[in-house]
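Two complexes are shown next, each including subunit A; its partner changes from subunit B in the first to subunit C in the second.
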Partner chain A sequence: MSIQAIKPGWWQKPLDGQEKIWLSIAFVWCLAITIIMPWWHVVGDHNMSGEYHKITGGDFSMLTDQFIEKYQVGMDEGIPVVVPPANSDIFLRGAQWEWDPVLKLKAGSTYRLHLSSIDVNHGVSIQPVNMNFQAVPGYDSILTITPTTKGEYRIICNEFCGAGHHAMIGKLIVE
Partner chain B sequence: MSAQKFRTCPATGLKIYSSAETLIQINAVTAIVFLLVGGLTAIGLLLTRWQAVHLLDDVLFYRALTLHGIAMLVAWIVFFEMAILYFASAVLLNCRLATPFIGWLQYILMLVGAGLTAVMIILGQADVMFTSYVPLQAAHWYYLGIILFAVGAILGCCVFFGTIGLAKHEKTYEGSMPLVTYGAMCAAIIAILTLATGALTFIPTWLWAAGLIPMMDAELYRLMFWGFGHSTQQINVCAMVACWYLLGTLTVGAVPVNEKVSRAAFALYVLFILIASEHHVLVDPGLSAAHKTWNTGYFMHLAVLASMIHAYSCPAATEVALRKKGYTKGLFEWLKKAPWGDPGFSSLWISMFGFGWIGGITGVIYGTEQLNIIVHNTLRIPGHFHATVVVGTTLAFMGITWYVLPLIFRREVIFPGLARIQPYLFGVSMCVFSVAMIMAGVSGVSRRSWDMNGMDGPFQVDFGPMTDLFLAIMGVAGILAILGGALYVLLAVGTLLIGKKIEG
Partner chain C sequence: MDNEGDVKVSYWEVFLDDVGLLFFLGAAIYFALYIVWGAMEIASVSYSPLIVK
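Coming up: the complex of A and B.
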């Protein structure tokens, strides 16, 4: 009974056959899932690069402003639209409660996407492809991305960031 | 040494000291009050996330969400766990409670803490979610409330260990402590470790909110918060599994198949779970990929192994017990003839099913580095943990209640017919709710969002009709679950007030 104290010697009771089989299956399965994760990291296409450095909100904002100034082509709903060249560093700035700029990227080209927030935590949820990342104030998180499918995407903030959280929606265009 | 009053339980022959009994009662009742608060907020959340209904306005929704997290995950569960700790030590070890005075201090600190936190949320001074990621800031009283609560819980664990020591010293039991007590002890060890980490996180945050020191680094906070926040979920898992063994014994007299294996599995939780917390920050900057995969891979899976072991031992123990009763025909006669009308037994099985098959499987999947990219902060996450912490832990605690009421409160459960259907109503609809939430999350709908369509934003979002369908299923199942929860509260409180007294 699991509610009664037990006599010493319980640790000498051998496992029975079925128990051994189950334990082995469970153990092998746990080993397998342990190996899968690093293995995917090596062979998979979708991984975070793990590249980041610390940066102040002010510095990140300055870099984003310079980036916008250089490549801006227009405005969309009051948010600047930029067309950066392939293989360049591109910036996405999160602030209560707006993502800017609107990025217009070329399918098949590779970019280094810098992601940060200048106030509180924000979430970067790219829909409908459904890829989700965290934008953390004080950190420049760098993702190497190669958009493959043309279309218009939404960048939805999916980390609670205050009263206007649900209105924090940006745009990403792949041509 | 002061003599304490006790009675002898007619069913088990155990001595039940009044000091322990009162503390068990008062912690359990307080837990149920917070469950009620959480349930009321759940109505608003549910009917708002069901986009076709969209009941609350945005400010109220976020406030209710913060309160729901605190009332349920923190207050309901931990108060109930305190009751379990006192039960598993004093009652099961046949001993008086060590330092009942500190037990009372535990209760008062936790009550004041939870109350303070809840009041700050209701007053609109803490719209930060229970995670309160800095630099989002709540009034400093909010953090103080959490700290008081945690200190109270640590004291409760101390009383638990003190009682075990006392029982050993006074030789109130022979041999090794019962498995349920052992499981509760593992929960208490994890609790002390994690609550200490919690203090390390919340004390600086409190001082920061009070304007005394600069803010903690935002990513460090996230890492520290989950170092404690994730590990506290292991307290819940440990306590839940201890309840599974307890329910197995109370309902059909189950005996653990092999004590060695079950105890080793509990030990695995203690040894390895403190480490898996980084699955909360897999898509964050600030840690290398190697670090994250190491933390969430190897070590976490040893804790998963522990759950796999219990997933065998618990059902196996009930099967053996039922076969001993003579239900030996074929492979499944024992399952057919099992006491499905006993709410303790049905709670046990639905809890095991929901925790393992919905919560456990999704948890292991979502915790991998690559797949986390498609699940992070979507509705898949609350879908996952409503299966673990609601179908799993909450339902196990509810199942225990049907036995605690007669044994500790000495009242006959009122309307046993309704009690019989409660686990099915709550458990099954909560399973459907969780799965529907997960399915809505598959299309990318975010969690903690008042409006997934971006009505107030510069750009709108359309998740398509399938998502609306899943949200509607979630809504209907959620209402049934809330009814099941309300039934539990009514029956439990009703039993306390008007249930027939059991003498002895």
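Coming up: the complex of A and C.
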């Protein structure tokens, strides 16, 4: 809509030179960003889109329990501690209001991290590195991770999940 | 202001001058397409291969 009313019949008039230039620039820019989006998705130095599957809370819990049973080495404040081998599937279960198990990983090794929630949506925020993901009930979200820096990290729930949300803090250890 | 009433107005001109219709179509078309795209995405997610049914 222009400020001044356009005279009827504008459709039949040839394009003005400046209009041609600006339309061409807009068209070329549309093409450029259409190409840049998938290109940067592939070559940009960032995490690729994860793999995800449907799963019920019961099935995810079963897989997590099997994982804990197989690799548990101890307990930490009532939460099992697991030391999984490199290149294996590892599981992190979110539930009101705790993360389990405590994952003890080896720096430089790669793992397939399965994330899910067995009740409501939880936010997985790994601190202090500030890496953020979602634990969505009904979905097994898989991230291929290679921890590089040794240390003890906190897993904070950053998606409000009820009365105990503020106390939902897990632990991730990289050795 | 000579002979403005005699100017032949094309259907494209009528369509492109109707800002209300353009606004509606600009919202409605993408609303519908994103709903369909989302439904396709949800429907295409497979069940976890780690669970043997």
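Convention: the second predicted complex is superposed on the first by the 130 of 175 C-alpha atoms of A that agree within 3 Å, B and C clash if a C-alpha of one lies under 4 Å from a C-alpha of the other, contacts with A are read in each partner's own complex, and residues count from 1 in each chain.
As a convention for this text, a residue touches a chain if its C-beta (ideal position, glycine included) is under 8 Å from a C-beta of that chain, and two chains touch if they have at least 3 such contacts.
None of the values given here were measured: they were computed from a predicted structure.
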Which superposed partner A:52 touches (first subunit B, second subunit C, both, neither): both
Which of subunit B and subunit C A:78 touches, first, second, both or neither: first
Contact breadth on subunit A, by residue count: subunit C or subunit B: B
Touched partner set for A:154, first subunit B, second subunit C, both or neither: first
Which superposed partner A:89 touches (first subunit B, second subunit C, both, neither): second
Subunit B versus subunit C as contact partner of A:140, first or second or both or neither: both
Partner chain in contact with A:63 - subunit B first, subunit C second, else both or neither: second
Which superposed partner A:8 touches (first subunit B, second subunit C, both, neither): both
Subunit B versus subunit C as contact partner of A:169, first or second or both or neither: first
Common interface residues of subunit A - those touching subunit B in one complex and subunit C in the other: 1, 6-8, 10-11, 52, 139-140
Complex interface listing, subunit B residues touching subunit A: 12, 58-59, 62, 92-93, 127-129, 133, 135-136, 173-180, 217-219, 222, 245-246, 248-250, 253-261, 281-290, 292-293, 296-298, 301-302, 304-305, 308-309, 312, 316-317, 364, 368-370, 373-378, 442-444, 446-452, 454-461, 463
Residue ranges of subunit A in contact with subunit B within the complex: 1-8, 10-11, 13, 15-16, 19, 22-23, 26-27, 29-31, 33-34, 36-38, 40-41, 44, 46-50, 52, 76-79, 98, 115, 119-121, 123, 125, 127-128, 130-134, 136-142, 154, 156-171
Of all residues in subunit C, those that touch subunit A in their complex: 4, 7-10, 12-13, 16-17, 19, 45-51
Complex contact set, residues of subunit A against subunit C: 1, 6-12, 52-55, 59-60, 63, 89, 139-140
